[in-house]
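Each of the next two complexes has chain A plus one more chain, namely chain B in the first and chain C in the second.
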Partner chain A sequence: MSTRDVPSAMSRRELLMMIGSVAGSAVSYRAMASLGLTTESKYQGPIRLEGDVKGATVLILGAGIAGMVAALELRKAGYQVQVLEYNNRAGGRNWTLRGGDSYTELGGFTQKCEFDKGLYLNPGPWRIPYHHRGILDYCKRLGVALEPFVQVNYNALVHSSKAFGGAPRRYREVQADFNGHVAELLSKEVAQKKFDKKVTKEDREMLLEALKEWGALDKKGAYVPGRESSERRGYLKPPGGGLSAIPEFSRNIMPMDELLQSRLWAAIGAGHNYEMQTTLFQPVGGMGRIGDAFRREVGNLIRFNAKVTRIQQDAGKVTVNYVDTVKGGATQAATADYCLCTIPLSVLSQIEVNVGAKMQAAISAVPYEASCKVGLQFKRRFWEEDEHIYGGISYTDLPIRLIGYPNTDYHSGGKGVLLGAYVFGPNAYEFTAMSPEERVMKAYEYGKMIHPQYRDSFETGVAVGWHRVPWTLGCAGAWTEEKRAQHYENLCQLDGRILLAGEHASHIPAWQEGAVLSSLDAISRLHKRVISA
Partner chain B sequence: MLKFNKHHAPWLAAALLAVVSLGAQAQADLRSGTIFSSGMKFEEKDGESLYRGICQGCHMPDAKGAQGAGAYPALADDPRLAAKAYPAIMVLKGSRAMPSFAMGLDDAQVAAVVNYVRSHFGNSYRDTLSAAEVKALRK
Partner chain C sequence: MSTRDVPSAMSRRELLMMIGSVAGSAVSYRAMASLGLTTESKYQGPIRLEGDVKGATVLILGAGIAGMVAALELRKAGYQVQVLEYNNRAGGRNWTLRGGDSYTELGGFTQKCEFDKGLYLNPGPWRIPYHHRGILDYCKRLGVALEPFVQVNYNALVHSSKAFGGAPRRYREVQADFNGHVAELLSKEVAQKKFDKKVTKEDREMLLEALKEWGALDKKGAYVPGRESSERRGYLKPPGGGLSAIPEFSRNIMPMDELLQSRLWAAIGAGHNYEMQTTLFQPVGGMGRIGDAFRREVGNLIRFNAKVTRIQQDAGKVTVNYVDTVKGGATQAATADYCLCTIPLSVLSQIEVNVGAKMQAAISAVPYEASCKVGLQFKRRFWEEDEHIYGGISYTDLPIRLIGYPNTDYHSGGKGVLLGAYVFGPNAYEFTAMSPEERVMKAYEYGKMIHPQYRDSFETGVAVGWHRVPWTLGCAGAWTEEKRAQHYENLCQLDGRILLAGEHASHIPAWQEGAVLSSLDAISRLHKRVISA
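Now for the complex of A and B:
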């Protein structure tokens, strides 16, 4: 290879910038976000809390993932642990709604989930990236069986109500056509030596070869109907056997201008993000299996139906007042040497707690995101039977934003539950503002525009708007860079005898891994304090 | 008002029954939800649509708030609304669990929803907030 003096070689970043200038900034931003600016999970394997804990007691508030990780590890290290939990179950946002479950949201709206046995909705987290090593290790240690979560399904749909007459396209067609057009365009420019100031002669040849491969271009560098493009976007008539074996190439390539205007390309970036890259997992039987497994380990430490009303520390102990939400009665008190509080900030900011002014300001600084999920049960798995969609996600510009297909029980021949809406932003507020029945109705109406089979197959649904979830008042802490700079370190301090943990005390907001790592970090610091005291 | 078609029939009956059994609050809720914004800005324009499309998610259809592990304050019969700048600042800046709506709502929308809440749900403040006053509060 020649010395790289001038002209300098085209960097990957510059290539992406070029793609971005063609496709709109969203694509290059997404592509660049996956270029290694992110770091791997800091998980270093099972935590070791060694040394004499001198009989110290710890009161943990909240039996979600962060609280139960702490309970399990601190007890193992020799601490006396007790946990207070508002709900009558363990897991927090690690939660699965199954047939027979009843859920009452704020405002008193009660839903009875009428799904068939074995079918479920994960209202909160539903996928675990392979690099979320902390939560995966707890799954391993606690015997929670995992199966693949399909993030990208090339045969799923990409839909815009405003493009192609409202007819959905297949993900693989959108990706193949977008890449093909961009590759052809760039290839022509490169061939005409437009980038000679940026690309050496040797690299020019290499780039042309790469573009041909990346974009499925033909020998002449064109993205046209033929074997190359059909191998990406699928065939009109796929290769077969015997006398009917001869394939017919796909001919309906979407014109570049129409594809660009359709904005369907916005959907092909999701699986490129670090957090969505293959392989992802889900627990067999629903995300709530993780909470169930933790409960088997530490359930005897948990006091359920306990609503915390006050957290006070003095020189020698922490006292937490709580009321029993079922039995009622007088306010009760629990005391311990230390308190690990995992209560969401949306709730904690309303509870009297005597920490320093800086931590108090941090607790009050973080609003909680809106989000809504709707699960719809169908009497027939039409997406598999009619459309050969096995798991994964279809995307749409309709308010439901996506349809998620079950990544399990393929070919079971029975019923199935789709994620019929998963919404953030303004639409999440609008969905949350409806009654649960109306959310289900809207998810049905919009989903029917993509899958007309809804009409004959729909049976029942459940809907969770996270701002109405009584114990979180939102789905996750909505940090901004400014708020992190001002408050994050203050939030994570050990303030006297109190420290916080949870996804809100992590840089992986809304992911269970954030709760795990935050909890391990907090108890490590707490332990250090205890053994050095 | 929602439009029903024949295809809802098998399960709409059940949904309606469930809604009716929840009482007046849920019936009021059924009138909402016909507006879905297309981007990151809310597209509801008048005060009632804004309240029904956004606020009642937390403050509830009757504006009486709700109580769980934490609480959403009532806006009904709320003496804190006497000063019209107070609800406007809450909407623009947010407070604790409540997000800021400064990016999602324009000045006219903030004024419309503040004026709606201050003249409904047992509140009857006569003075109104203008879009220009909202603009000044953003600074």
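Now for the complex of A and C:
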């Protein structure tokens, strides 16, 4: 009911001029024709694979998102489909660890997740951008309920162990102070006559007005303690009610030099990135709900606990050998006319597969990102109760990199699970080398430096270091521009009867959308081959 | 699972240096002691009214948020409480219009809301900031479930009928281009040696790095079409999967002069404002769920359909006259030792009340804001299905000011209700002067200029012009600094046995938090008087 949404740079004069003037609407309406054309997703709605598939059979390796998208769509198109999956569950990196789940990593460590009912960690993907229309459409078609994922929380913390005595700042303070200092600096320059001569006087005045508004500058164009800056960075004492109502303005603006050298400003860009922009989503109940939903659709096509050991094609068919990881026994074989292989390259490069030299080189060319996530359960939601942080992310220069707060069950009281570490880069190798217990302990120790409440509230944790996940041996394909130029097209070609798909066969690495679009692109080409054969 | 959260300005060298160095943690831990002190809410948890109230009675006028907070807390403290309420429901401006609801405004127009089940309009408040701890705490205590309110949606529209041929832009484009141009301009100035001499060489280099990162500048410090700018404003063709994967960069960057003169930049500040920052909330099912929850607690104290006609105090008691708006009949009277009056000043100023001259002057001094909201039901959620706008707000310079998308049931298919207009200022008087049907039609006509899908999807609408709401005669108290200086303290004093509360008796006008804090402040002072009497 507040009027604070009003673009305050709009003058009363303009407002009055607008009254009753609906002129120009026809122009505007016509202009609308161009709307929606500024970006065009690669996803254009449910795929249509039409034509006679002549009873063709397809063997799909891997029941992750790419594999199950293919299974669902190929079966619908009339193919006979079989899926081999290493795990005893569907989803692959689409994965949610819950209380009662058990997970054994490379090296033999087994963790039994002891989270309370309803609490979880997503070791892999944890958010879905609004423009990832492929995965979103499958969520819709398969009935996976979504809720907002809060990326940017103005009340979350930004922490550097080397700045401001190690005391965290609030996101809103860092952003307000950065914007304010930048706006003031540029305003000063613009006000000088020597400023960029390409900028006209009219634009210069408008720029000053915009900078004042955007940077929360005062009447003199300065970023200083006062109402304007407090309305961005928060108050020392916020306005209240009755006789105790008078606000006190925020006074502790970070000096520009300290703010710049602190590098805290690096954290305020995250929400601007195309993949992190609002409105982001997460499935209600954990990312794994997507894998669960796919399994309900295509589970009857999947053979679980099947470890692929060899992929061979000849002129007439593809034969895949596998062993049952639970029952053991002799090597078994499955055959089909075609094979869609979604096994991560990190694993596939260790399996015998007779494809051409170019695809073989591509399979071996791509290293995998290191990453480690740690989930920590606390007996109370202190981040909400004490700090009024509801969802979102705090950033730190400590190896844990960030702390993610649950974007669900806000205000519910009771227990909660934090993403206590999302380690990548060199620190991720270090974390992955530790035992799971050590990772949890490290996340606890580092996190306690940011939230001292860890000490009294911590209960239990789980940790996944992706290079020790037996079925991916890493987090996601780490393409470079050079490797893409050399290998990407070779990786994606139909090689005889074998075709690859997965996030590694996309330009959106590490995202589920890459797996979806890669899979749809692959099966479209496969289908074209089949119906034109 | 993406690594895009990494503060990209952090170098690999720094990363390596960090490995294993947990030194400094004790320092950091101690520094933490200052955490949480940067802002201190006026709300410090549930109020404690201790001591012997000696059987005192309190008559509360108005069962809005302020009145029901007082009723709940005073009863708990031992007072005998009675509440008179004009409407046949509790909540006041905390109000949700649903299908089946009927509402008659000043002038006699009655609207029967015809929304489908589950759909609604909040004519009054529609969001709750994370720092409005008072109202949030009552939500928690009364079991009102909350969900995120999306204020900023990067894929929503920003529209000026006078710029870019009337074609809307995406929020992300406006923000990216504004930030980019500002960063480039300042970078150029910083790179020149004549730049502000107070900035050291070291800070200058860091500033250039920060501007590059924040403004999505290319290697040369320019904001131009390319990967950097596309990663903010979106792609012409986003990256995909397989052989159809190669992205095309965005090319239509808005020239700085056009962007400045368009004033579209005024829309990108909204989410920076303290009251609009993430994480914002809305009650699941509509704002009115708060009023409903209070009613469950204190409903038995409320006499509904009671229109107050006179408030009189003498040395021993307060007597309030009222008439039953449904049953009619003779004027009735209620008495109590004290009276807490939460009636809006716009209405109270027309009721006979014997308070001192100063309070009387204060009651008459405050005009009320004009505002009009229109809810429009559509038979399909085209904003999601066609435009991939999930929640949030589009802004326009048309009189409707904005279009608000539902922040719930995302992706659900079926029908939906948009906030089709949130008119304020002069246009709100114009809208309020129309019949409800005309308001709805205007909102439809203007909105159709932004979303042509209105034409085929519109079903029904409701419209509330706040100056015609019989029990508030306006949206919220419109204080100026001058009026506050002259009247605010006089308004809030205990005048004999009469005390006022509500958003109008706060420094947070138009927000429910103002009503809560005003009420708590008032009853604290009243209680002090009672126990020390």
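By our rule, the second predicted complex is superposed on the first by the 490 of 533 C-alpha atoms of A that agree within 3 Å, B and C clash if a C-alpha of one lies under 4 Å from a C-alpha of the other, contacts with A are read in each partner's own complex, and residues count from 1 in each chain.
Please note the rule applied: contacts are C-beta pairs under 8 Å (C-beta built on N, C-alpha and C of every residue); 3 or more make two chains touch, one makes a residue touch a chain.
What you see is a predicted model, and the numbers here were worked out from it, not measured in a lab.
Of the two partner chains, neither chain B nor chain C is touched by A:184. In the superposition on chain A, contact is made by A:150 with chain C only, not with chain B. In the superposed model, A:274 lies in contact with chain C only, and not with chain B.
Once the two complexes are laid over each other on the shared chain, residue contacts for A:430 go to chain B and to chain C alike.
In the superposition on chain A, contact is made by A:492 with chain C only, not with chain B. Ranking chain B and chain C by residues of chain A touched puts C first. Of the two partner chains placed by the overlay, chain B and chain C both lie in contact with A:399.
Counting contacts as defined above, chain A residues 369, 397, 399, 425-427, 430, 448 meet chain B in one complex and chain C in the other.
Residue ranges of chain A in contact with chain B, taken from their complex: 86, 106-110, 307-308, 343, 345-347, 349-351, 364, 367-370, 397, 399, 425-427, 429-435, 437-438, 440-442, 444, 448, 455, 458-460, 465, 467-474, 478. The part of chain B that touches chain A in the complex is made up of residues 2, 7-8, 11-12, 15-16, 18-19, 22, 25-26, 29-30, 32-33, 35-43, 52-58, 60-61, 66-72, 94, 96-100, 104.
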